[in-house]
């Protein structure tokens, strides 16, 4: 089903990140095609967060090579194609979820047919659209951040523990978002400790240890 | 098995917390005895964190009544009996796990037969004892905070999403800690979204909605 | 807990009752304040003769001095209400304390501005670092600190309690500032030009002054009532009586 | 799919920062109050002698405004770093330097402008002659954007560290010594009735340069600081 | 089970704050450098006239030290609030006022003491007569603990807010006016050859009072500020 | 009358003083009225939002 013959969206060869000249994670080799989901697995401290920040472009490649759509790894090539959701959600606490989405849309553009209002209803924040994010609970904040995934156009999602702090409905929501994204030809790298019950086929796995 | 005839450690009657005069969670009635574990369940934003902060003594009771060992709800009665672990872990980023434990021990005392070193090994931070907490990964930080539970003497544990950010081994660790604590006559209130597989009997459940 | 508080006071402490009580009394206080103010102004600006030394400039006194008194008086009220709020956690006391602060700051500001407008023709300068002037400025800062702290909190009641705490610390500070500033100024020989001693003032100047003083007091009560009413609506927004007011006042066309 | 346009992105960033400042309008007032307070402390510490105060008025107002801006600078990116929205800005498909220029503009509008508005009041309280006031304002209008721009570069450099604003003060003050010298020079010259255009012109030239270079430097510094 | 003893808890808190300060020893140097640089800016802003500088030296040193302390005050509890360790301290079974007194002591040792050490240097740069130096140091030794104590109460009050240090400055000013007046009064009196013991004695009395009351007030303020 | 308004040559000080007095107090008096209106409006909006939330929780809960 996955088009392995096509040029992969993202390809890593012998990738590692060095901190004080020691590799944080061993050399990794993987390729991610459009329409594929990869789970990044590993124990606490195995380097999952580090890998995602590297792929987002926040950290620089230590050793090895990264290619984006078969070409080099530079910012302009990927511009607008990657969305990163880390431990810090990137929400302004003094603004409402709606306003936060509006800013993100101003910077990234929006998917056609999506609006901030519709997307917030979809993530279950109906009634909280105009509440300052500061007043939301941990899980509601997470949902506000997930709304960004729905609204903004991007091919590759990098999600660091998207399930943390969410209740069961929230976890189901993330799975549904991922399935739709993959089905629509997107790709995603997800770190998580919980079991991901993914309907659209078995996800690829990237093991951080060994 | 639970000694329901004895005076409960913690008893709530019609308890609620008011924010801008609106109850955050409905009136709650529950009792917790020594040797009992209670799971606080509810969707995102149902008030679990608020409840735990209230029980820890950080927020004041809005309406209803709380009793501690059958007596009034004041700080001196509970002194040293309650440990709270919230979203913020209370670790100094510039100090090592060992030093952080040392401070906590200075403030609370220690359980007999436990030392910082032994406790850190037990939570799986062997080799990271003297690393500044800043350099630990999300899950390792959580483990450093959990070590406090092992080292300090306390009867009631209040744990807000202790499983978040932990890998499977970490989750098993938390369960083991809870079982030992309960078996030793302690009590615990735990909020969590994940399924808690608890061996020593079915835990009590406190539902936040309805 | 507070059995010794008379029953009627206890009842008044209940927000919906006070809301109605203040609502009916406020127009009366405002009306009286306006009447007294108008009389005082007529007496001060038209009837009273010009001062033999200061000419007509002295007429600023009719607003300057009552404002100065109000600035200090309101601080006292605020501190007392703060104390009550902290000790007994009475919501109404919190509202009174926190809503007094902007009024007190307004009067203090007026004192400063009218004082400097008076100082320019009399002393030849808008501002000097005289003891009384400086302590008035510090008083304004105290007020602003209380207001700032109140608004710095997300939760209004928590902000009110924190700011009430500050107001109480501040009142210890008021006499200290007063005396230390006196002490400060006598070290250097900065002398103040105070031409009008209270004893020298003639009856035709005194009665408008006193009438204006009464007018400002009445105005304070009226303004405070209006502010506390607005505050109670906010603080009690979860309660039924507020919701009833909200839905009663709903404008057609707005979603109610 | 609606492509994001550059003008819209700029407007959105500017609007965001102004909205946030407005939501915390208490904080906008703070530098002003701080300057007022520092200006008040000087007579207390030096004694209320009018001639002495007049002599030092221009310098004290300049230093005071500078210190107030310095304090506010520290917060320029802090909250954005803490909540991760700076990362999001860096990763957005827009020219980072331009986005940062918008942030700097918003910062200047919300901290320096109010200070410039009250500067005459401060100067008046310290008895600065009215004739010099215009020059003081002109000097501030040149000097404060310089400080915002230079400050932004330094704040960006320290973004990755957890240092307090002190480090910033330390790094910025050597840079603003020339600014202070020129600005104070202009005011002093005006106070003595000498020509004061030359120092202001120098300041203007430096400002033009900073306007072009500082956002680029700021963007580069930020990328380095986040990469850890 | 080893019960925690009060002396051990005090020692542990003090030790913790001193260790943290040492780990960031760069930050200890910051107030000092800040004061140095502000003191350096004055000659630039006012012109290098010795008599004028000498006249204002005492006051400028006092104000500078005060501002530097103000900057550092803001950080007294900030990191503890952010990482949740203040909550843990509040919940610990120890008298909170005493624990806070230890934190205040640590803060004074790490910020005020270095400032007092360099004060003679600053004063020397501004040509303060050597004879007055002793009085200046004595005044600082009385005034800085007052500021630490009063500041701690106010910082505790703002603990629940997200405001910058500016609000703190606003709140602190009325409280430190008397302190500045007395301290500056002593220095000025000494400079004019007048007796200077009385203001110092007043400061000492106030300090003794603050030593007892401020930690208690600080604990009460903190409990109010955290309850949200 | 113009004699009255001239205030013995001190008009430039006396009238601004009175103007400040009245403007500041007027602002002080009007601001709570505006605040009250705004609060009631916000409260109505909040009530509307709350009914929206209740709708949401009325739809089948996912949790057991």
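Just so it is clear, A, B, C, D, E and F label the chains in written order, and each chain counts residues from 1 on its own.
Simple rule for what comes next: contacts are C-beta pairs under 8 Å (C-beta built on N, C-alpha and C of every residue); 3 or more make two chains touch, one makes a residue touch a chain.
Fair warning: this is a prediction, and the values are worked out from it, not measured in the lab.
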Chains touching both chain B and chain F: A, C
Per Cα centroids, the chain farthest from chain C: A
Comparison of C-E and C-F by number of C-beta pairs in contact, larger one: C-F
Reference chain E; chain at largest CA-centroid distance: A
Centre-to-centre distance between chain C and chain A (centres being mean Cα positions), rounded to whole Å: 56
Distance from the mean Cα position of chain C to that of chain B, given in whole angstrom: 48
Interchain centroid distance [CA atoms averaged], chain D/chain F, Å: 32
Between chain B and chain E, centroid-to-centroid distance (C-alpha), Å: 37
Per-residue overlap in chain F, given as positions that touch at least 2 other chains: 45, 62-63
Residues within chain E bordering two or more other chains: 24, 162-163, 167, 170, 173, 177, 181, 188, 227-228
Shared interface positions of chain A, touching two or more other chains: 87, 93, 124, 167-169
In the complex, chain E residues that touch chain D: 24, 26-27, 30-31, 33-34, 37-38, 40-42, 44-47, 52, 55-56, 58-60, 62-63, 66-67, 71-72, 75, 162-167, 169-170, 173, 177, 180-181, 184, 188
Partner chain B, residues of chain E touching it in the complex: 1-4, 8-9, 11-13, 16, 19-20, 23-24, 79, 82-85, 87-94, 99, 226-228
Residues of chain C that touch chain D when the two form their complex: 125-130, 134, 137-138, 141, 144, 148, 151-152, 184-185, 187-188, 190
Residues of chain C defined as touching chain B within the complex: 155-156, 235-239
Contact footprint of chain F on chain C as seen in their complex: 45-46, 50, 55-57, 59-60, 63-64, 67, 99, 102-103, 106, 109-110, 113-114, 117-118, 120-121, 219, 222-223, 226-227, 229-231, 233-234, 237, 242-243, 245-247, 249-250, 254-256
